[in-house]
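Each structure below appears as structure tokens.
In what follows, chain A forms one complex with chain B and a second complex with chain C.
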Partner chain A sequence: MAQAAPVAPPDLELTYEMPEQATLLSDAWRRLRRNRIALVGTVIIAILFITALISIVWTPYPVWLQAVGPTYQPPSGAHPLGLDQAGRDILSRIMGGALITIEVGIGSAIIVSLIGIPLGLLAGFYRGKVDTVISFFINIWYGIPDLLVALILVFVLSDALHLIPRGVFVIIIAFSLTRWMDVARLVRGQSLALREREFVEAARMAGARDFYLLVRHIFPNALGPIIVQATFAIPAAVLFEAFLSFLGLGLPSPTPSWGAMAADGYHGMDFAPHIVLAPTIALSLTLMAFNWLGDGLRDAFDPRMRR
Partner chain B sequence: MTRFSVFRSLAVALGAISTVAACGGGGGGASEQLAADQTLSFPMVDDIGDLDPAHMSAAVDIDIFRNVYSGLYRFDDQLNEVPDIATGAPKISDDQKTYTFTMRKDVKFSNGDPVKSDDFIFSWNRAAAIQGDYASVFQPVAGYDDVANGKATEMTGLKKIDDYSFSATLTDPAGYWYTEVALWTAWVVDKKVVLAAGKATSSDWASNPATAIGTGMFHMTARTAKQSTDFAPVANWWGGSTGAITKVHIEIIADQKAQLTKYESGGYSLIGFANQSLDPDDVVRYNSDPQLKKQLQLNPSARTTWIGFNFCEGAGKPSKNCAGSNPFAGDAGKLGREAFSLAVDRDQLVDIACSKGTACTKATGGVITKGLKGYLGDNTDPWAVFDKAKAQSLFQQWGGADKTKNLVYTYNTSGFNKAVCDNLASQWQANLGVKMQCTAQDRASFFKARTKCSYPIFRHSWGADYDHPQDWFDFLFVTDAGSGGACYSNSQLDQMAKTANAKPLSQSLDTYKQMNKILVDNTVTGNLVYGVQQYVSHPYVKGVGGNALYDNYWADVKILQH
Partner chain C sequence: MRGTLLYIGQRLVLIAITTVLVSSIVFLLLHQIPGNAFLNETRQSEETLRAELHHYGLDLPLPQQYANWVTGVLHGNLGESLVNHGVLITPLLVRETSVSATVGFFALLVTIGLGLVLGVIAALRQNTWVDYIASSTAVIGYSVPSFVIAIFGLLLFGHYLYVWTDGTVFYQPGWGKVEQIPVPALALGLPYASYVARLTRASMLETIRTDYVRTAWAKGLKARVVVLRHALRNALIPVVTILGPLITGIITGSVVIENIFGIPGLGKEFVTSILARDYNIVIGVFTFYAALVGLANLAVDVIYPVLDPRIRY
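Then we have the complex of A and B:
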């Protein structure tokens, strides 16, 4: 009788494909990479940053120098984006304008966050009277026409009281003081939800103090939406600065604000369209890039988008 | 011969040839056939400000209403003062204090009322009592102060001799007063009409076409505030022909682009009358296009723009308005003033800030504008040349690097002032290494602060009211001059002004020029540019233009067939 072939004992040790350990940020980054339009935005923003950094140490011509060539000169080899109505090199001023854009955008996002995050955390965490007072101010602030207030702030702080010289800083302050409510309200909502979560309860039971809970548990878990909100605050601030400068109420001449450059070239559109086209294209690309990135980040931080 | 003149000559010649050809070469024919519609139309950015001569001060209003009102004298195309209602120059007493005026007897208001000496005395007393911006025209007349203060209604210096002659006695000799008598404040208004409409000092009559009665060639026929105003020639005007124009229509269009669009579609005869200008970019476009350039006319205007330096050396020194010291003040600041003036390439400034020279020309002959009495001559200002090396040397000697930290140049908000400031900032940074900030102020705040000599360095300009140097020195450069802004004080200049003002211009012009030279030698002003008045008109609209102070009379314009 033929002997049956020995049967190998079953391998009882099961092998599992262990999921890669992922933090909130690495998980978001992985999803962001899949979003091509967000990546395009990221690349544009990277170029913007690099251009801004280069402009600190070098531009083809000083951004303030007039008469480097004939006024209204169209793009040429020597001046790839042409010259403006004062004979200034537009490429140099676009590069200088990139730095202004970054300063205003990032600066405003930081100040808005510095105001909005603490207020939102406190309102959501403590609820009750604290929430009532903070929410009251948020609602009051929402009722005020922000653009008008910002214009008045710029005028009062710089021109009337001479507290802050007319420049990037006063624009950032004016914008931030009128736009902090979005972040505050968002963080308040996050804080309200997170304070009831088990891990917060557990930490509280373990004797953690309020400050510890807010800083170590609630804030980190609200970070994703905050980053998204801050990303959307950047283009809003950039547009605000450009708008003010277009109206002649923003940065003083000869600061190369893209809004002011567009205003300078506006009247000469008939015969020198390059003067207005260059800053408006740069501004549009920047705004779109930040919005694309913001949308991408929102999707990336949204657990429901996890596939 | 200017390009415009060449074009006009060619156009006339071509027109003549065409007419001859059309007539088959037989017989003659008018080379310029008038169009059936002789409506002269042009736009303005803002509405007329003042319709009453006693209140007027804006060039816009004066340019319009010099066609409606007139006085004893007027300025001709060369700015010479010539009799209008007067029969000739006034008879001046030996002590230079009493002026006797004799009037034409055939002068009538547009309503047919005869013009008599009572009307002039009434008009002048009224203007002194109203205290408009230019009431000071009558300041030299005896009794002016009492009328100005409301203590009297009539200047004691004005005396009726008969219906067609009267005299004016001055407190002190004032050689410039004869020139001032030709200004709008001295125009005659119809006493009967004004009093019938209300109080003597009321201005209601002036805005109503039915009662806005003057002695000019045109009268107002319709007016809708902030929209339009119409005029028509006065029938049987006492002075003779009123020209070809049968109607003048002025529209208020705030947007200069919209104005030009309507002009280009034939909606306006011209743009530029009543001290209007074109959008700077449009002027460049017109000036750079050979076809469009034929429609553009650039005339010198009586305005100088300069860098104002603050001469305050401390509280109350040298002027009562001084509050503190300034780096550009006095002898210590002279090197700085010279350096800052020499560091400006005025060719570049004119190219950039004046839209390739279409809005102004460089100022090289002192502060009084080229073409006016008192002008020093081309290239007579040694500090109005560009000399970077010398500017840097003077700047070093002065110790400018420490004295110009946080330097702010202030101007009243306007596109032109901004362009000038931006260019100065660029040039001073490139040529002297000075980083200067341009700061714009609203007009009222700027003038208020400048009057108190609050700015270390600032924009200043002056548009001449009349062609007499006294208009510049008394208002700008004598101690505590009302419009100076620099708190400049020079006792020698004050004394010279006093002496010159007392004499007729024929005897004082050299003194005024010496005074102008003193300003140049001391670099009191960093003279930058002289003004240009722009006109754009269709080729078939003839007679458009003006002199340094005024537009051509509407009666000089005619519209050809087109």
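Then we have the complex of A and C:
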């Protein structure tokens, strides 16, 4: 094709540089880097990840060790965030909580995607009855307080039926079972639009099977919005865990969940506010960072939607 | 008009169906639990246990129990509390709904009022310090969960205000006095207010650049008329779209807010009943929630055509 370029006047030098090959991800990354607030979010998330990783091998004190000093001790040199009502080192517990937060957030994002993507792809691609059934569930779900169903699921699965021990896993499962609809709805829309596009038509003409079309043509083209949606699932799951643990229905005690720590500190708030402040600030910062990253990714993947 | 009424009628039927379906899920989930609700009660002879099970119809086969429950719900009867014998659930929940609805209403007022005002001002003063302050507050605010705001609010108004004013002015958790409304309502409404502000700003920025708004300015209309009637009314449409999920969020948020502030509403009942294993009330509260969310969404959809006459049913 390059040989068929229009003939240029001899004195005019043709300096045509090929733009650097941009993949979806590199293109998005280039745009994301320019977004200052998303970068701040990314930095906070990086700190969170590093803290969580460190906490696996080392925390200043064991997260569960009680009475390392006087109870309710305010922040000091030895304990930068102070001690809680059982004399546990709050900094160590915040670090341990970071790991739980990451587990819940990332785990939920993965499972939500694993459920939502195939269902959305199928609904949008095959339309008809498949779509009717899947959309029925999606629409019903938009009319109910899903977190409360998830709350009941955690309760039933772990406390009542003893199927899954009360822990991170059951929270991820309950959250994902009630929240796959967001991803499914988005992917359905994408798949519905993409299946009509010429390149899909061309692949079909070339004899591609449905599975190949879905996996190699439709899914990769819907990847941007899927990543954005999965990113927003992380703070939602983290908040859900904190919400449950705060109410005493989430992770069982000594687990250093930020929600549970807030609930612990809440009772001694008048005279030892540091106990409640540390986990709530950590939680808010984390949620903020993921929301900022999500907003940044949305702008990066879809420059037309930039606001 | 007849079309609208027909539409509302259809939706009401749909809400009833959804409510029963959704609470059926919860009903079936909770009835998978082995044993029965009275296992925890010691000091109980075989006969009294059997009498109790019979009283609540828990000795019937599950399909029969389910059929009875659905019939009950359709007649507005949600049964009787398993823990407090003889307490009928429907009147109890109706009373608590009025409390929750009061908090929710004021939270919604905070959300929409504050959100719209901040959003509109930020859009009109785009790229000035007013905009930066409003936008950055919003971007922080919508990530701070309402229970964290509640804790900060309690600390600030319940504790520090008490200390600073020597106990003359402060907020006391509880319910029943007018001055106990603002703090919970703010805690519940603020995160969503930030969200509404962001959305309003974005859609206002779009509408104030449209041709018809320029025309309205060119005609020499007053600023108030241009902003409120021409720009804002159109900018509101995307905002109204999120009212549905927002109301769901406020209902979910109220569960933890009511527990923090000691407000005797549906949310407090929900948590108390789960911890006390009073399954009948849990199912009942859930049925109420499902119906409330449905009705709220219906109300939102009815507002649409008022804002945008192009939308009709």
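Quick notes on this one:
Quick note on the criterion: the second predicted complex is superposed on the first by the 289 of 307 C-alpha atoms of A that agree within 3 Å, B and C clash if a C-alpha of one lies under 4 Å from a C-alpha of the other, contacts with A are read in each partner's own complex, and residues count from 1 in each chain.
Criterion: a contact is a pair of C-beta atoms (placed from the backbone, for glycine too) under 8 Å apart; a residue touches a chain by one contact, two chains touch by 3 or more.
Not measured: the values here are computed from a predicted model.
Look at A:Asp270: by the touch rule set out above, it reaches both chain B and chain C.
Between chain B and chain C, C contacts the larger number of chain A residues.
Once the two complexes are overlaid on the shared chain, A:Leu287 sits against chain C while remaining clear of chain B.
Contacts of A:Ser253 after superposition on the shared chain: chain B is touched, whereas chain C is not.
By the touch criterion defined above, A:Gly87 reaches chain B but does not reach chain C.
In the superposition on chain A, contact is made by A:Trp64 with chain B only, not with chain C. Within chain A, the residues touching chain B in one complex and chain C in the other are 248, 270. Residues of chain B touching chain A in their complex: 257, 279-282, 284-285, 288, 345, 348, 351-352, 356, 413, 418-419, 421-423, 425-427, 429-430, 437-440. Remark: chain A residues 62, 64-67, 71-72, 85-87, 166, 248, 252-254, 267-268, 270-272 touch chain B in the complex. The residues of chain A lying in touch with chain C in their complex are 37, 140, 142-149, 151-153, 155-156, 160-161, 235, 239, 242-243, 246-249, 262, 266, 269-270, 273, 276, 280, 283-284, 287-288, 291-292, 307. Put simply, chain C touches chain A in their complex at residues 15, 18, 21-22, 25-26, 29-30, 32-34, 139-140, 142-145, 147-148, 151-152, 154-155, 159, 202, 205, 244-245, 248, 251-252, 255-256, 259-260, 270-271, 274-275, 282, 286, 289-290, 293-294, 297.
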